[in-house]
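So, here come the structures, one by one.
In what comes next, chain A is part of two complexes: it sits with chain B in the first one and with chain C in the second one.
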Partner chain A sequence: MNGVHRSSSWHRRRRDALAGFAFTAPAMLHTLVFMLVPAGAALYFSFTEWDMISPAHWVGLRNYQEILFDSDLYPDFWKSVRVTALYALLSVPASLVTGFVQAYLIDLLRRGQSLYRLVFYLPVITAEAAVAAIWKWLYDPQFGLINAGLEVLGGTGPDWLGTPGVVIPALALIAAWQSGTAMLIFLAGLKGIPRTYYEAAEVDGANRWQQLGRITLPLLRPTTFYLVVTGVIAALQVFGIVYVLFGGNAGPERSGLSYVLHLYLFGYRNGAMGAASAMSVLLFVTVLLVTAAQFRLVPQQYEE
Partner chain B sequence: MSAAKTVDTAPAVGTAPSADLGTRTSGRRRRRRHDAPIALLATAHVLLIGGVVVALAPFVWMVATSFKQPQDVFTPTPNLLPTDARTGQWAGTFANYLQVLDLGGFAVALLNSVIVVVVLIPGKLLLDALAAYAFARIPFPGRDALFLVVLATIMVPGVALLIPKVFVTQELGMGDSLAGVIVPSLVSAFDIFLLRQFFLTLPGDLEEAAMIDGAGRLRIFWSVALPLAKPALAVVTITSFIFHWNELLWPLVILSDQDRYTLPLALQALAAGRVAQPHLVMAGAVIAVMPVIGIFLVFQRRILDGIQLTGLKS
Partner chain C sequence: MRALARWVAATAAVVSLAASAACGGDSPANEKVVEFWYYQPIPEQSKQVKELVKRFEETEPTITVRLTEIPKDDYNTKLSSALGGGRGPDAGYLDQPLMARYANAGQLAEVPAGTITESDFYDGALRTNKISGKLCGIPLQQTTVALFYNKKLVSTPPATWNELVAESARVHWENPNLAGVNVPKGEGFGAWLFPAFVASAGGTMLDEGSRRIAFADPPAQEALALWRKLLESSPRRITNSENSFHKGLTAMMFSGPWEVLTIRQQFPQLDFGVAPLPRKDVAASNIGGDNGVVFSKARNPDAAWKWLRFLSDATHNAEFSNITGNFPTNRKAAQAAKINTDPALKVFVDQLETAQARPTVPEWIQINDEYLAKAIEEGVDGGRSPADALTDAAARARKLLGWQ
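Up next, the complex of A and B:
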């Protein structure tokens, strides 16, 4: 009896092992071919001179050295770093603040919550290429809706996408328009705060602003932290919007030259794939470091 | 790129124990009746309606421009209706759409985009669900290590692997083809993770019963687990559709022949034209955006609740 049982369970284990391998094999093979091999290749090619046509030629750390320190060969590298950092610095708070205000107001409502939620999410599901095309036309200095609206209010708008200092703030405005993700996640966070906290605060005579400052915002810290981390990671990789807005020129005085646009132009226009691979590795390391730094520096939990 | 879908699990937001739910809602209602005064509610509505106007104005502007005749596009005062610039008469036209579909290559691009999602999404659902089911329900040696590898790939920023991925795809003979757009996205680590979390919550009894009836794992997967996973599969389907329909970067680097362009690429090419033709570009944008907005409006509750729960960010 015992032996029969053991042998049947042995059979079952063997069959499970086979099934497990068979079920995961396609996904694991795909991961190997399209993730692990490219990850290794990115690292390898970053140490080579390579144009994707003739064989790669090993140059050691030269790519890294030249990208970081040789401003004759890579005149725009640090420019692209500054552009991207400024974009992250402006666009992430812009979309988080907008998203929070939207979520806070929606959460107050008795009805109509899902309708507002729906409308504010529409800009998020809109294709980057379309977002850029629409905003290029909205920002048109002469015929665009935005400057015309400002004129009605008595002001004059700048040439948004034609003035170097205005380009990144203009991009941050688009990010604020696309605040739907932050709005949704904040809304989930707000709904997770136990109502008893507010009731206790009311008993103590705290007004709405005090409740916001002492209860809501501190308790939303994990939510905010999550949104900052994912927002910064996404902002560091911004590409589609600047590419469609500016193409290979990257805007006036290259003010829209994001890191990935720079990488793309180097790799695909100049055929410098080795250097572009090195830039990819640098981006990967930066993303990891930024994430790690945020985890270390920002208090994630509210300590009572 | 599949991994550019920078996604992660939300920290424990909104995870009050469900037993608490009843008291919470009633407490909430009480609080509202008690202290959300009409004035505050009215203010909130007014501000939110202002927000709605700002959120929707770009779409209105896009649609209006797309129906305008070329001579009515560049007016000193912007016009939210396609009327004749001089007479103010209705002058809406479909001509921009026809021109974009034909000469702008949007008809071909639309077809290409449809082919991509119609092939990619079922294939991806099957591969991701198979793996997710095994990771969740089948004990086999090395399972946790393999799953860890999958999880680790979620952390890699998509663009970091762009160049070698193009290289691998070209080496496999799929450069400049729709296959090259589809195949590299056939597996998504995040979707495997999401589906695995769902399969973990399924009760084991159904599987046990099916196994006693002599059903194999494949049969259980297909006729027991998959039907139960419909809500999770729906979320993956819709978010994947939105993501891949909108995707620009990967098709841009893998395709060069205009006849293989997907909609975002065709739109990008049109918008990059030397002569500003907003009426045509906006018609193209409407064509690119409408299917996603349509799907979104139909499934909005499911999508928004799903995103709210998982912290999925597309």
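Up next, the complex of A and C:
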């Protein structure tokens, strides 16, 4: 009796396991073939000198050593680190603020929420090349709309994409404009805050600002934390917009040389795929450390 | 687990089936297929290249040329991945500065003796195919850079460096909202153009024979000082505007023949002329362009060479360059091409006679983009002395090349 029972449940479990494998197989295979294997290969090639067209040969830690410490061979490596750090520092808060403001205002609307959601999300789904083309025009030092607007207000705008010190803020502004994803997630977060809290606050005589500061923002902490973590990860890997805006030249005095653009140029243009692989491993480790640090330092939950 | 294994096997079977279909083993046994990769042209050009292929196939009935068009920016990425994976084409374009890297990796077949007559070709273009004395490709098309000037602002184009500086200053002085010259920046293009000015001052970039870096010598310093001087009368605020020359905001620029076609199509109101690059001591220019190569693992190398010979011969090389908007590499073709009847384009043809081939070390792209471009940026826009900036770049290049 007991034995029969055990064997049938064992069968069922085995069948479940098989079905489970069948369902997850495509995703697992995808992860294995397109992510884990290439990542493993990149780790291997990071210890080699390799130009993709001749056999790789083992050089041990030399790539890492030269990338980090030899500013003759890699004169712009640390510059690309600084550029990327500054970009993350500016673009993540900027897109969080615009995303939140958009979500907050949309949440106040009684009708037409879905229309505004769509409109503010459009920049995210617009092709990177089109985004770059639009902003190139907006930022044009002679005919750009932004500087024309500043002139009407009595000021003179900088040569946005032509002045080294202004390039990263200009890129952060584009990121702020493309904050549709943050907007959507904040909006979902806002919907998750029970109305009763606000009603109670109103009864207690709290005004809008007090409600925002005491209820909305604290209760959005998990949402904000999620957006900060994913935003920083994405910002550290920024590539598309700088590549389309500046190409391999990376902007005036290479002020738009993001880490991944630098890596890409070494791998695909300079024929130093081994060094590029080492850079990608360094980036991976950095992202891991930065994310771990955020889990420790950034508040994730609302605490009384 | 077994289900997973079976699933893997089935997927693998489907994938390999799809792959073999894509590569096509379907042609008759006596027919030879040449898989040829080249840059993605505009649709009109693409049609004309296909016409050219058809004519080639009529003369060589046993050969089929299969064209694959790839965006230029992705070409090297795709090609090196394909060759690395053992699935490369038989033949294709190769950008001049990439020749050394592919040749040293053993990916290029040597041109069989008797395929072409070397003296038929422009020397500068031919030399880009010589790697360690071996001919590794056939020059197909070439290009160079000249001086464009706005006829409303500049009546006589400057012929010397001194005249260039004076003319640029005059334009900017008469109207501060105009820039004299679109001064090249420290980036790929500027570093590509730089050797022309160095050569004009009597210098070179590298001496490969004696393994010596020459681009920090006085001629290069003078060239860099010239660009820096030009910047005084050519504010970036004006020249950084998109197409500032085309819109009449900048009086002069250095650019290639592709710009002639762009201006005529998109800025027909601009009255412009083209003149040779201003010189210091000797006339000199730079060169760019594409060679036709056959890869060492090609399945039909003989047929591939026939196709490349066809593209580079006296009649078809002219047609080919007319299609792509570049210049013939074959001297006889250059006489026949329609560029000769066009005074603006004729300047480029004449200038190709003084074109300086790039150094053929495989690391040249890295030296050009990472070190030389940086020196130009520091020396022109950054306010460092040309001598210091170039000396640093030379030290870096020396280290990379191991030429201690």
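FYI, the second predicted complex is superposed on the first by the 272 of 304 C-alpha atoms of A that agree within 3 Å, B and C clash if a C-alpha of one lies under 4 Å from a C-alpha of the other, contacts with A are read in each partner's own complex, and residues count from 1 in each chain.
Everything below uses one rule, namely that a residue touches a chain if its C-beta (ideal position, glycine included) is under 8 Å from a C-beta of that chain, and two chains touch if they have at least 3 such contacts.
Quick caveat: nothing in here was measured; it's all calculated off a predicted structure.
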{"item": "Which of chain B and chain C A:Asp159 touches, first, second, both or neither", "value": "second"}
{"item": "Touching partner for A:Ala272 - first (chain B), second (chain C), both, neither", "value": "second"}
{"item": "Contacts of A:Lys136 with chain B and chain C, given as first, second, both or neither", "value": "both"}
{"item": "Partner chain(s) touched by A:Ile185 [first = chain B, second = chain C, both, neither]", "value": "first"}
{"item": "First (chain B), second (chain C), both or neither touched by A:Met52", "value": "both"}
{"item": "Chain B versus chain C as contact partner of A:Phe284, first or second or both or neither", "value": "first"}
{"item": "Partner chain(s) touched by A:Phe77 [first = chain B, second = chain C, both, neither]", "value": "neither"}
{"item": "Which superposed partner A:Phe100 touches (first chain B, second chain C, both, neither)", "value": "neither"}
{"item": "Chain touching more of chain A, residue-wise (chain B, chain C)", "value": "B"}
{"item": "Touching partner for A:Phe21 - first (chain B), second (chain C), both, neither", "value": "both"}
{"item": "Residues of chain A at both interfaces, chain B in one complex, chain C in the other", "value": "21, 52, 136-137, 140, 142-143, 247, 268"}
{"item": "Residues of chain C touching chain A in the complex", "value": "1, 3-4, 7-8, 11, 73, 76-77, 80-81, 83-84, 101-102, 104-107, 185-189, 236-238, 240-242, 244, 247, 249, 362-363, 365-366, 369-371, 373-374, 377, 381-382, 395-396, 399-400"}
{"item": "Residue numbers on chain A that touch chain C, as the complex places them", "value": "18, 21-22, 25, 29, 51-54, 70, 72-76, 136-137, 140-143, 159, 161-162, 247-250, 252-254, 265-266, 268-272"}
{"item": "In the complex, chain A residues that touch chain B", "value": "13, 15-17, 19-21, 23-24, 26-28, 30-31, 33-39, 41-42, 45, 52, 101-102, 105-106, 108-110, 112, 114, 116-130, 132-138, 140, 142-145, 148-149, 177, 181, 184-185, 187-189, 191-192, 194-196, 198-199, 202, 208, 222-223, 225-226, 229-230, 233-234, 236-237, 239-240, 243-244, 247, 260, 263-264, 267-268, 273, 276-277, 280-281, 283-284, 287-288, 300"}
{"item": "Parts of chain B lying in touch with chain A, wherever the complex brings them together", "value": "3-4, 6-8, 10-16, 20, 24, 27-28, 31-32, 35-36, 40-41, 44-45, 47-48, 51-52, 54-59, 61-62, 65, 73-78, 127-128, 130-131, 133-135, 138-141, 143, 146, 149-150, 153, 155-169, 172, 184, 186-187, 189, 192, 216-218, 221, 242, 245-246, 248-249, 252-253, 263-265, 267-268, 270-272, 276, 278, 281-282, 284-285, 288-289, 292-293, 296-297, 300-301, 304, 307-309, 311, 313-314"}
